[in-house]
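What follows is a short report on a single structure.
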Amino acid sequence: MFQSIYLRKYCPVCILIIILILLPLFSSEYVKVVAMQIFIFGVFAISYDILLGYTGIASFGHAIFFGTGAYVTALLMLKSGFSFWATLPFVVIGCAVIGLLIGLLTLRFATIYFTIVTLALGQFCYFLLTNALTYQYTGGDDGLHGLPMILQTKNQMYYLAFAFLLVIFFLAKKIVSSPLGTTLVAIRENEFRAKMIGYNVLNYRLIALVISGIMAGLAGSMNAAILRSVFPGFMGAGTTIDVILMTILGGMGSLLGPVIGAALVIICQQYLSSYFEWWLMIFGIIFVLVVLFLPQGLISIFYRFRVKKILSRYEIKD
Amino acid sequence: MTSQLFVNILLSALSLGVIYFLLSSGFALVFSLLRVSNFSHGSLIMWGAYLGVYLVKALSNFTLGLVVSAVVIGIILALVEFFLFRRLYGGNPLFELLLTFGLIYILDEAVKLIWGAAMITVDKPLFLQGTVMIYGEPFAILRLYIFGLGAFICAALYFLLNKTKLGLIITAGIENKEMVRALGININKVFTFVCWLGGFLAGIAGFVLAFFTGLSPEMGTNQLLNVLVIVVVGGLGSFMGAAIAAIIMGLAEAFLGFYLPELAILSSFIVMFIVLGIKPSGLLGEE
Amino acid sequence: MSETQQKFILRTVDLKKSFGKQIAVNNVSLDICTGEFVSIIGPNGAGKTTFFNLITGAFRPDSGSIYFKDQDITRVKEFNRVQMGMARCFQITNVFPHISVLENVRLAVQAKSKHRYRLFINTDKLKELTEYAYYCLEVVQLKNLASHLAVSLTHANQRKLEIAIQLASQGELMLLDEPTAGMSAEEVPGIIEVVKDIRKKEQKTIVMVEHKLNMVLSLSDHIAVMNYGALIAYGSPHEIQENKDVQSAYLGRKVNP
Amino acid sequence: MNILEMHEVHTFIAGFHILEGVTLTAEHGKLTILLGRNGSGKTTTIKTIMGLTPAGSGEILFQGKAIQKMHDFEIPWLGISLVPEGRDVFSQLTVEENLLIAVRKGKNITKQRLDYIVNIFPPMKDLFKKKGRNLSGGEKQMVAVARALVNDDELLLIDEPTKGLAPIMVESMRLALAEIKKNATIILVEQNFEFASSIADDFLIMEHGKIACGGKIGDLINNEEMQHRYLGV
């Protein structure tokens, strides 16, 4: 009986994975590109969820990490001739350092400071990228283009991005059920009590920010590799807003939610925007309704439904 | 630098500071009583600009158009408080913040639907055109007008918050809502009023802003960042702090713009990092 | 030196704290011997909870110092004090509401373990943590509710959970702030039993603030009495019962000249 | 005549059953004292009357009128004032403003009323311009009581006015309450039995969210067994 619950729990996920593995065989190039974007923003949204959903602090400048990752990779590949894989350690280190700096500057105080300061920092970084002083390095508004291909075919890139999502999802799953992850949730629930059983709250928040930053940075460099170009928009407010939408709509505090949110937002952006001029307004209304009535996101409907179904099934058997 | 030039820069710095004050005052007011960081404040500013310009034209009366549009913007925020914020009080403040964030989309898209996404330039009314000579340098009458408006609103708010019973209730309500209710005061009504006032101030600020930036659907969100930085620098919850921070921002932007034009756009960040580095709770914020 | 180490686990020297002009704790010097059960009593507003907050580090004293195991901890942060071996339960129930009872306790065990910063291991696989958490729940008779959310427990059970969390912190010094606050009469004996149990099974020093005098008199080795922020008496339960100052503090008569 | 009656009032706070059926009456013009140990529900009873922690079920009658369904901010208008346990003097306002904010019906505070208050608390006359945060504990308590007096209400609910006060302040509070009692009905929550018994007319003892017993204060003073049983003295 236990095994059957287990199977039932993972059955839909397995089917989905198989569909996604087979997808490139019968889909157009465009669908593949959209799918890759979903995988990458899925990772980005997972990283954001670790911060917002599990640690309970809202960053409005999360694109800083995404942009940093993308630009570090692009610059090292273009200017220093590094291979893509060789740039990743630099991305990790860079994002970790930025996360530590931001955290030390703001996390000591009320978390609303963190929100506002990260928003300002995000814009600051965006201006830095597009400033005349840095034009020769960053390409200003145009961004950087012509990154070398890292794999031969589109299909290979697709599988790489998909594997990337699976690996990060698996790692994130590990992290949130680890001692550190449970502590983060405890701090979110009751910061004072966490302090009083001996946790250094600041350290934990810093670690969460760094982990989240590194994941977002890796998503950024992967995005750079796939698009073979980087744009200052990667670091702009728009990117942050996208990731907030994905996480809230999908459901914060559950790792699967943000991925679903990412799929939803990107599909809407790609398809809906050509039909409705005012689709963003509908998005806004849905967003407000979700915050008011479904604070755990769209995925909570699914969970409720499934719990009921499983329960009713066993009630009948008993 | 000649003293003439200095005075000129100083005056434009101050008028910039006054605009910043107008832009951030509504946010600071709502935050200090309701503890809601109203991220849709920028969008309300934009609505104030569009609606104000439209009404001035439609009513062909400058003051009436300005006041009516500000009142309407106030009503929008009051309705939002009444129907939406009220469900979230006492919970995680994150959700109020996210809610106002969602409102940005609705407000911004509504403007695009009604007035279109294209940029619209705004002509100054006749009586605000032209310049006067101050200290031998020309100075725009519009800026003088803004000085007057800023001084009037600052004085009116000071009077309201410090000299009226409503001000007492607001000050007391920030500290202890339960006791205020136990004195027989319906604090919910006060909340709604404060939101109305916050929206009203956003409406006026937006209208003034329209003369400088013209009308565009991005104008509000562009200003949101300035507003947030000013409020953080002033100290969250401190109304006077926001006023001082606004003036400092104006000064920094104007003088930095003169000496190092490339960095002018970063001036507010520079001020923010300096202030938060020295006093993390902001200029007048409590620890 | 080693002798004093044996003797006093906690010493406060001229501890003073005021809020504005109101002096909440006034020059309190209290030495607590290792292994003892000490109760602090006093009328409402006498400064007992503030005194606790000073010991655990939630407030900084205006003057005076605190020694824990002969180390000056006056300036040590609260979480470090817990790491040094202090554990506290709260007067107002203060648990992690939307987390299971077991997880609540395990978090406290984990805070003291070397695994607390580990990233890539499932907490359920750390058997020794889970086992110790179960043991703590067993002591407070909550084992059968381990999988429930903390928020769904009754008030009395939440108080027990508080004590379990505190027990799981493995502190040598336990500070109990009104363990029976807000409980109905039928529930109080359960808590007394739990506290007695802990006394018997674990060699811990316990400091308790409590209003229920029967409980205080039956459990304590020594009783400290506070009034108007000052320590007015310290002694065995018998001495305290006989003490004139204490009687007047509780009855509200002015202290006889 | 009873100014206040409660019948089988149950109150829940955050799911906890705090008042488990409180039934009490307070006589007009008398000072009724509410005794009981910590956590027995005294403060909750007061807050339930004021509507701050609304009654889940039961009936509260003020001068014969049911008030349990009214909003918290409507109840004071009937003529009830509260002196809360934590004093809750607004720290950002001056003492004068603290009194002004309590004035109802948009009226100004009359000179007479002010004189009456200063007469009860003579030290008040030097405090008017001081901010709430600069007051000592005793001064705050004075302001909190004075704030409840500005409207000349029928019923005053006073929660532990002697908490944490020095003996000399307790004595002046006793004198003040004796004076106030002449013009108003008072329900007083108190832990300090000696203080309370010296000014009360009637008493009520609470235990586990219920009224355990009540009567004339003289009966309680003479009944040491009852004192010991309920109050632990």
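Residue numbering begins at 1 within each chain, and the chains themselves are lettered A, B, C and D in the order written.
Methods note: a residue touches a chain if its C-beta (ideal position, glycine included) is under 8 Å from a C-beta of that chain, and two chains touch if they have at least 3 such contacts.
Computed from a predicted structure; not experimentally measured.
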So if I look at the partners of subunit A and the partners of subunit B, which chains show up in both lists?
none
Between B-D and C-D, flag the pair that has more C-beta pairs in contact.
C-D
Note, CA centroid farthest from subunit C's centroid sits on chain B
Give, as an integer number of Å, the spacing between the C-alpha centres of subunit C and subunit B.
49
Just curious, how far off is subunit D from subunit B if you go by their C-alpha centres, in Å?
44
Interchain centroid distance [CA atoms averaged], subunit A/subunit D, Å
55
In whole angstrom, the CA-centroid distance of subunit C from subunit D equals 32
Touching pairs of chains, all of them, please.
A-B, A-C, B-D, C-D
For subunit D, which residues are in contact with subunit C within the complex?
16, 18, 37-39, 133-137, 160, 162-167, 170-171, 191-195, 207-209, 232-233
Subunit C contact footprint on subunit A (complex, rising order)
171, 174-175, 177-183, 185-186, 189-190, 192-201, 207, 211
For the complex, which residues does subunit C have touching subunit D?
20-22, 24, 43-47, 155, 178, 180-185, 211-214, 228-229, 250-255
What residues on subunit A touch subunit B, complex-wise?
52, 56, 58, 105-106, 108-110, 112-113, 115-117, 119-121, 123-124, 127-128, 131-133, 237, 244, 248, 277-278, 280-281, 283-285, 287-288, 291-292, 295
Counting only contacts in the complex, subunit D reaches subunit B at residues 50, 52, 71-77, 82, 84, 88, 90-93, 97, 100-102, 104, 147
